[in-house]
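To keep things simple, chains are lettered A, B, C and D as they appear, and every chain counts its residues starting from 1.
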Amino acid sequence: MLLQAQSVTAFYGDAQALFGVDMHIAPGEVVALIGANGAGKSTFLKTLTGLLPAKQGEITLDGARIDRTDAADIVKLGVAMVPEGRRLFPSLSVEENLHMGTLSGRSGAWNLARVYQLFPILKEKRHQPATSLSGGQQQMVAIGRGLMSNPRLLLCDEISLGLAPIVIREIYAALPALLADGMSLLIVEQDVQLAMQVSSRVVCLQEGRVSLEGPSGALTREQISSAYFGI
Amino acid sequence: MKTALTPYVNDDAYAVIRGNAFSRALPVLTLVVVIVAASLPYWGESSWMREVVEISCYFVFAMMWNLLAGYGGMVSIGQQAFFGFGGYLMLILGNEVGINPFVAIPIAAFATALIAWPVSFLAFRLQGGYFAIGTWVIAEVFRLSFANLHWVGGGSGTSLTALRGIDRAVRESTTYWIALACVVGVIAAVYLFLRSKRGLALLAIRDNEVAAASQGIDVRRMKRAVYLIAAGGAGLAGALYFVSNLRISPDAAFSVNWSAFAIFMVVIGGIGRIEGPIVGALLFWFLNKFFSDYGSWYLVGLGCIAILVTVFFRDGLWGALHRRFGWSLFPTHRFLKVRS
Amino acid sequence: MALLALKQVSKSYGALTVTDGVSLSVAEGEVLGILGPNGAGKTTLFNLISGDTTVDAGEVEFNGACINALAPYQRCRLGIGRSYQVPQPFGAMSVFENLVTAACFGAQLPEKDAWAVAWDVLQQTGLARFANQPAGSMTLLNRKRLELARALATRPRLLLLDEIAGGLTEHEAQELVEELKRIKNTGITIIWIEHVVHALLSIADRLHVINFGKTLCVGEPHSVMQDAEVRRVYMGLEA
Amino acid sequence: MADMLLQGLLLGGLYCLFALGQSLMFGVMRLTNTAQGDFIILGGFFSISLVAATGLSPGLALLIVAPAAFVFGYLLQRFVLNGTLGRDPLPSLVVTFGLAIIIQNLLLEVYSADPRSLDAGPLALASVALGFATVGSLPLLTFAVAVVATLSLQALFSFTALGRSFRAVSDDREAAQLMGLRPAIVYAQATGIAFVLIALAGTLQAMRTTVSPSDGPLLLLFAFEAVIIGGMGSFWGTLVGALLLGITQQVGFRIDPGWGIWLGHLMFLFVLLVRPQGLFPKTRG
């Protein structure tokens, strides 16, 4: 297993957000994490990246514990995140934002040229302030920034959020290119249909617990609806 | 505009309890303390009275700083502007206008609150740390302005001559009684204010400004009111201090040390609680009495204590006691007791 | 007459338009549900109604009068009570005091009457056993409940609820819906942003679906949910 | 008239050096350092002692003072100030204010209250004729240093990886962590650089006029005014703000020696009233 999480619990202050979540991701695998708002998807990603330390449980990357590791070190070990809301640096240009990815110090197939090849529009706008771009282009910068760190596991949090369908298709069209290098993906997506299309396995969270897990093709709509909404 | 009050569960179902055993005994305790303290001029030495007056000024000033920063969230390093203004105003009213300086004290305090109104429009342009330094600049403007007023002695200051005709013993005991009244009055006023409906609004603003506004509280107006009250209180302390001191100068009246000592007292005692400045002022008086001979080393020590307390005990001494034993001398909360 | 009406309301942040010419009206006593994907601009809509954000263009009318120029506290006093998606309790105050504050200033009641309102709301919302607990130490779900309770304590004519059912069990969600029905029966108008669709459907008189800051669809709840575009936008599931 | 403006500009150059460190620390971590002025004075005294002890020229002494100041600033931020950062401004204010009092009184113990200065050697008396006026070489040098420092700081922010990390951490601390940055270290680096500027300002102040232990607060206020007049987050703004302040004070000094600083404060309050965002606010998308 590339990544393994066992019985992970997490709190925001006194409020518990995760109640013993188990999950694993194999090398090269694409896993979709779905669930209603407030189910704990983003919280779980935060514990994986070290931004919100897990209270209990164990998270391992290639067998080595990372649940007590500083966020700045986890990205150096090869877990990168495309955060919800993109979180680009407004005072940095497109290219400078992409450069931030290289701070992981990891070498690999991804560099500026390859990101520009994947998203040609970014090359055109590379000197503009990142937040002056359209929502879809900003999302491309966020993904590109994640790729520049040459991760083994890329966590994508709601990358279709607030984007027009055609832009979403454009962004998801880029995913196969990532997989070519054997990178693993964990995708948080509220668009269930889309999540099922791109992933090989689906994990559904409800109220901070795993409510459903299975191969993407084998789950029925009823199963998902019930795990998602509780109806 | 509102829908009519619907009948609620009858009043016997619940009771709202305010206060604790100590606060219920507070009026009697206060009375005893005040009577004993008020008789001091008849059995104590005049140096004691001067000491009490001086620490009273520090205390009133610190109490107002606590109201401003601890409850209003406005951390200022410029409250000496109002301290000095109150002092000068009292002196001008006494020397130039011919009002009895003791009577001039409350007038000066009120006028200081008024002058704080236009000042607030400048100060409120800044937030957080910049508010703090901005108020300091404003205090410097006050200082330099008075230093350029030659009819009050310019940079070297002047003396309060209006009290010259009064017998020294009468002057000292009157000053002492006024100081005592100021201390009791300020504690009572702040306590009653915090227990009142408006006090609830202030506590809400301290917790969460956005939510306070969404619950019908006029946050700006409330903060401005607190700023004016704190300025008036600082003016009161200043007027009292210079009635006792008889000599004023811009450097003494508008010294940043006033704010520094207030911050020290409040932070050490516990910010955002009435007990804080009380404990802080007592501690400050104690340290001052026994260590001030060490001069600058004493001040270095005060600076170190302030830093250590801020880093390691953010709630100050009383905050630590409150957490450990649940002590509260001036409870403001509303405890709901359900009767079944 | 409509209690609340938005007329061609728009709001932009720099190049990003978050509310784009939205019009809606709510009749007195009605429950309007608002649906839309994350980032569609639903909470911004609430901010425009409550005054936390001011409109760039268009008009917000409450009870027939334009309230564009009013500050949040004034709108609250007029009778617009709101809850926040991310709960904003007065953390150092007890739950009871949170409610007393709302009743004192939102409903502008003398303190003793405010106690009565707070007591009543505590009973209604099932928060009575937490009455003396500091609001900041409560769990997320209870803090959300407090959001509703505190908005109620302002004695609103219009109640704005922002995602208060997320994370509830099915049973709890049903209880919440029953509670909202009781509130509705007292004549309070409700606008409810909610992702827990089945809860919303069980009480809403109409649904208003927003996407990219624009109105996508308005109408009778079940027909709106059958709308192919709505299903696609909302869940990505083809109808 | 021209001479007055020129003197004002040169004074403003010195104020710019006082202010750049403040501007930098506020820009990167929203920290208001109320001990800014006292640290400048401390830097001045440190240079004086170093020159006295080693016999180095002030210029050479800076080669030791600057790195020492960096290390001092770095450690101060890393082990003291980082712990005070947060939404509540009180902890950082109290701690830096406490430091100010400690520095003032320690300097008083060690150096007494007498003003001291740093012998600038032949530079102190040299002057340059500019046609319409003659200016001292030292004030001119100070002015040049201020412009170069502003330019360098702007370039550091715009073109280097370090500047990029400063901007990133300032924009979004959490996202920066996800990139592998440690905010605690980045903040310490920023304060280290700010302290190099502080030491430079202190040394030049000691060379131009005098330093005494109680001078700090006034310098803090000048620095603060320059930053606010110029607009927060812009180094060029800080330079312009400082020059404006210098000119205004100079005009005041000409009218009456007691009015210079007072008029500077009033100009600051006027700007605050009519343009609270400053002359060159940083605009963000």
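Convention: a residue touches a chain if its C-beta (ideal position, glycine included) is under 8 Å from a C-beta of that chain, and two chains touch if they have at least 3 such contacts.
Predicted model only: the values in this text are computed from it and were never measured.
Ranking all chains by how far their C-alpha centres lie from the centre of chain D, first place goes to C. Looking at B-C and A-D side by side, the one with more C-beta contacts is B-C. Distance between chain B and chain C, defined via averaged C-alpha coordinates, is recorded as 41 Å. Rounded to a whole number, the gap between the C-alpha centres of chain C and chain D is 49 angstrom. Centre-to-centre spacing of chain A and chain B amounts to 53 Å, using the average Cα coordinate of each chain.
One inter-chain figure worth recording: chain A and chain D are separated by 43 Å, centre to centre, where each centre is the mean of the chain's CA atoms.
With touch defined as above, residues shared between interfaces to two or more other chains in chain C number as follows: 14-15. Shared contact sites, meaning residues of chain A that touch two or more other chains, fall at 131-132. Multi-chain contact residues of chain D (touching two or more other chains) are listed as 285. Residue ranges of chain A in contact with chain D, taken from their complex: 49-51, 70-73, 75-76, 80-81, 83, 87-92, 96, 99-101, 103-105, 129, 131-132, 145, 149.
Residues of chain A touching chain C in their complex: 12-17, 36-39, 85, 131-132, 135, 158, 161-162, 164-165, 190-195, 207-208, 221, 229-231. Of all the residues in chain D, the ones that touch chain B in their complex are 26, 30-32, 34, 80, 83-84, 89-95, 97-102, 104-106, 108-109, 217, 220-221, 224-225, 228, 256, 258-259, 261-262, 265-266, 268-269, 272-273, 276. Contact residues of chain D toward chain A in the complex are 161, 164-165, 167-168, 170-172, 174-182, 282, 284-285.
Of all residues in chain B, only 69, 75, 77, 121-122, 125-126, 128-134, 136-138, 140-141, 144-145, 147-148, 155, 256, 260, 263, 267, 271, 296-297, 299-300, 302-304, 306-307, 310-311, 314 touch chain D in the complex they form.
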